[in-house]
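One chain, chain A, links the two complexes that follow: it is found with chain B in the first and with chain C in the second.
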Partner chain A sequence: MPIVERKQVIPGDVIARGDHRYGPFVEKVGDDYIALRIGLAEVGADGVKLNPLTGPYLPRADDEVIGKVVDMNGFGWVVDINSCFDGFLPASFVFGREFSPATHDLSSKFRVGDIIGARIESFERSRDPQLSIRGQGYGKMDSGELVKISPTKVPRLIGRRGAMINMISERTGCDVRVGQNGVVVVNGQPEATTKAVTAVQMVEKEAHAADLAAKVEQYLGSGGDGN
Partner chain B sequence: MSMKKNYVVETIRKAQMMDMLEKGKRLDGRALDEPRKLTIETGIIQKANGSARVSLGNSQVIAGVKIATGVPFPDTPDKGLLVVNAEILPLASPYAEPGPPSEEAIELARVVDRGIRESEMVDLTKLCLVEGKSVVTTFVDCNIMNVDGNLFDATSYAVVAALRTSKMKKYKVEGDKAVSTDEVVPVPIERTPISVTMARLGGAVIVDPDAEEEAMMDMRITITTDDDGNICASQKGEASTISPELVLKAADTSIQVGRAIRSQMVEATR
Partner chain C sequence: METEKKLMDEDGNRLDGRKWNQLRPIRLEVGVVKNADGSAHIEWGKNKITAAVYGPKEVHPKHQVLPDRALLRSRYHMAPFSVDERKNPAPSRREIEISKVIREALEPAVVVEDYPRTAIEVWVEVLQSDGGSRVAGITAASLALADAGINMRDLVVGCSCGLLGEHVVADLDDTEDKEGNGDMPVAIMPTKGLVTLLQVDGIYTRENFQKAFELAIEKGKEVYAMQREALTKRFFSSDLTSGPIEEEAA
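Moving on to the complex of A and B:
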């Protein structure tokens, strides 16, 4: 891990001064870069960055999310994406351009309560995020165990280039799907699933630990190496 | 922005629950007849005659008792007044809204009130001061602080705990007027009713459903029993049905589970 100076900040703290680029949760006031959240701030080549320790999922275009269908109307599905915003999946994205509310039955595709993998198609502040299921691996998930973790811990769960999540899925033999919104679906043999779920929860609980990967590896290794 | 009306349970989560129920277990690891952890604190509001804060799992309720004098109802001139009310605070749940009480909140207050009233927990005849003119009035107000299913039982326990620890001024009668004295006495408690709410999911009956289980249940039944194991009140909810065999089973369960909870209640309000 490259050495970047990280410091804990609370809202209102000055993270840095001068001329930098800066990301979300940071505001520039005069010459000062002010933190807007509780989190770990770092000043590096990418400018001033703040990783919040808590918070809801804020949708971003092209994020992969896992959501729950909570409502249906003539034009599409309302999807709970574990955020302060509800996602909307337009029926025309599913049935194609020739979609018409008169000829197509929305409930033949997704029903209220279904879990779907989707991509954030677009999100502007003035409108709810639009979802799309175009592409491979998106759409309804028929089985699996659901786990919810804090969305701020998702990068930890995925790890550097997917190292952590690959380790969990290889060691347990489970298929682990992670949404950027903190929803995880684990598919596999019952015992392996329990193990993978525990590992995911462990990552969330100990996200701050420096030797997290080693701890998870040790846990997964114990009790017979599930190939 | 769309408004969330009700908690929608995930289809795969329900399938998983039904699988586990066949093995006699629940999603959160409890046995079918195992209620969540119950904590009872009393005397939390200084200015009230009695009060209690009860947590049942993550459901939390605060109850307060106010005792005064008033005029009895014309049909019960020799009985004191006992009124239980409940309100779900908007902060308690993402699905609770401010404004007039919802249907659920009204049902909650009625079911809790009925359990206390029909068990004759408080001897209302002892609360009569001057027949037809002056009686002791007891108002129990409940605020739901957090919603995680089974508010019926959490609220009922809070009311029972608050009433059991309530103190009131002793009144004496001068002519046909009631005058309060400095002496402080407990409320005349005769029994300790305990309500047990169960939910039916498929062929299984589970005790103390949490919010998720309530979202997937077919129907719900609340049975209140007293110290001697007599059933004194019950209420069925939701659209689905229940077979007579399961009702009898539920009644037995409510007596058994109620017994354990009653001893905890008596211990906490001694």
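Moving on to the complex of A and C:
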């Protein structure tokens, strides 16, 4: 892969000048591209990019998230997705188009307190994000260890094309599910689960390290597949 | 002039030995309150101030929701033990005003449009008070906002200047603030070159006003360098390489 110059920036810093494409957390003022967050900025073929080092989770359409049902009304469930906006899962997405509050019992599907995996169906400024559980692997999660990490560290936990997360789940034999919102659910044998959870927390703590993959591998390697 | 004699000797040394344009010692630390989304602590002279940021989060009470942007709330509060004589912990008239000016000094820097229907809370707690606590509070609060990962166009940094007799001096301490002839807190967005707070008391000649204002901005930029340093220490201290970091393409 090409080596991209990474620049440490804080809010207000000029990342680049001229004419580029630019992503989130970057603002264009005149000819300058201004950083809006503390992070690592890079200017490459795909424009000006800023990977923030800190910040809350902001929903984006098509993100996979893991959340907790916190409320239920006649039309759907309100889900805490570890963000400043609550997700809403409409009952019609679960029961189908023929859903009617009179004939369907919402609590037969999810109850308050349930942990669910879902996808952000849509999100715009004026309304709370809408969730959907259509697709494989979504829906209620009834077992596992729940870990929360900073949402800005999620790309590191997943790794290039899922390298990191695959390594953790293969070495420990656990099923590891990662939500873009920083919620992780680990399923497996008790000792293996503990190991995987520690590895996940290690990624969060040392996300900045360049040799992170090696470190995690070394940790998992010590009897990792001994179950 | 009597006060001038008292506050500044013939060699231009002030009571604590500083020159007219010298700042008090400043120490900044980011990420001190674990339960907060972002926080910072500042020790500026005898000031000890902790700022914490919570949010963006849901707005309560609901009728205060702004449909197109975040509601920025701020509270400046002095601890009862922050001054010589116990201070009543209830918000005083002065604290309410400072809360307002801190909010208005920070708001231009925060990209409030990115967080519609939410609230961002800034708490500035003065643990030990000295002169210039509002500018120290603003300086710490902007670091706390950056630490919380809220989109900001720039940091905000404050510095005050004032008059001892006819002399313009930088960064008044508590005695100079009370005995001196004028006080001018200024907050700026240093890379943008914008002023977000300008308050003045005392009577200034045009020349002195200009001089004090420019001095405050110059000194503010010195404090900005310390802010940068504090953020760098918190986020970039471990050896980051410019090499490839393997992560999923966003």
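Methods note: the second predicted complex is superposed on the first by the 221 of 227 C-alpha atoms of A that agree within 3 Å, B and C clash if a C-alpha of one lies under 4 Å from a C-alpha of the other, contacts with A are read in each partner's own complex, and residues count from 1 in each chain.
Assume a contact is a pair of C-beta atoms (placed from the backbone, for glycine too) under 8 Å apart; a residue touches a chain by one contact, two chains touch by 3 or more.
It should be emphasised that the depicted structure is a prediction, and the values quoted were computed from it without experimental measurement.
Peer 1: Looking at A:36, would you say it contacts chain B, chain C, both, or neither? Reply first, second, both or neither.
Peer 2: Touch partner of A:36: chain C, not chain B.
Peer 1: Touching A:61 in the superposition: chain B (first), chain C (second), both, neither?
Peer 2: Neither: A:61 stays clear of chain B and chain C.
Peer 1: Touch test for A:11: chain B only (first), chain C only (second), both, or neither?
Peer 2: second
Peer 1: Based on the superposed arrangement, let me know which partner A:70 touches: chain B (first), chain C (second), both, or neither?
Peer 2: The first partner, chain B, only.
Peer 1: Contacts for A:146 in the overlay, against chain B (first) and chain C (second): which applies, first, second, both or neither?
Peer 2: Only chain B; A:146 stays clear of chain C.
Peer 1: Between chain C and chain B, which one touches more residues of chain A when both complexes sit on the common chain A?
Peer 2: C
Peer 1: Can A:214 be said to touch chain B (first), chain C (second), both, or neither?
Peer 2: neither
Peer 1: Quick one: is A:52 in contact with chain B, with chain C, with both, or with neither? Answer first, second, both or neither.
Peer 2: Only chain C is touched by A:52; chain B is not.
Peer 1: Applying the document's definition of touch, where does A:158 land relative to chain B and chain C: first, second, both, or neither?
Peer 2: A:158 contacts chain C only, not chain B.
Peer 1: Considering only the contact definition stated at the top, list the common interface residues of chain A for chain B and chain C.
Peer 2: 85-86
Peer 1: Considering the complex alone, what residue numbers of chain C touch chain A?
Peer 2: Those residues of chain C that touch chain A are 37-38, 55-58, 67-68, 109, 111, 115-118, 146-155, 189-192, 228, 231-232, 235-236, 238-248, 250.
Peer 1: Touching residues of chain A toward chain C in the complex: what are they?
Peer 2: 1, 3-6, 8, 10-14, 23, 25, 27, 34, 36-38, 40, 51-56, 84-86, 125-126, 152, 155-156, 158-164, 208-210, 212-213
Peer 1: What residues of chain A sit close enough to touch chain B in their complex?
Peer 2: Within the complex, chain A contacts chain B at residues 68-71, 78, 80, 85-86, 111-115, 128, 141-146.
Peer 1: Taking the touch rule as given, give the residues of chain B at its contact with chain A in the complex, in rising order.
Peer 2: 1-2, 4, 8-16
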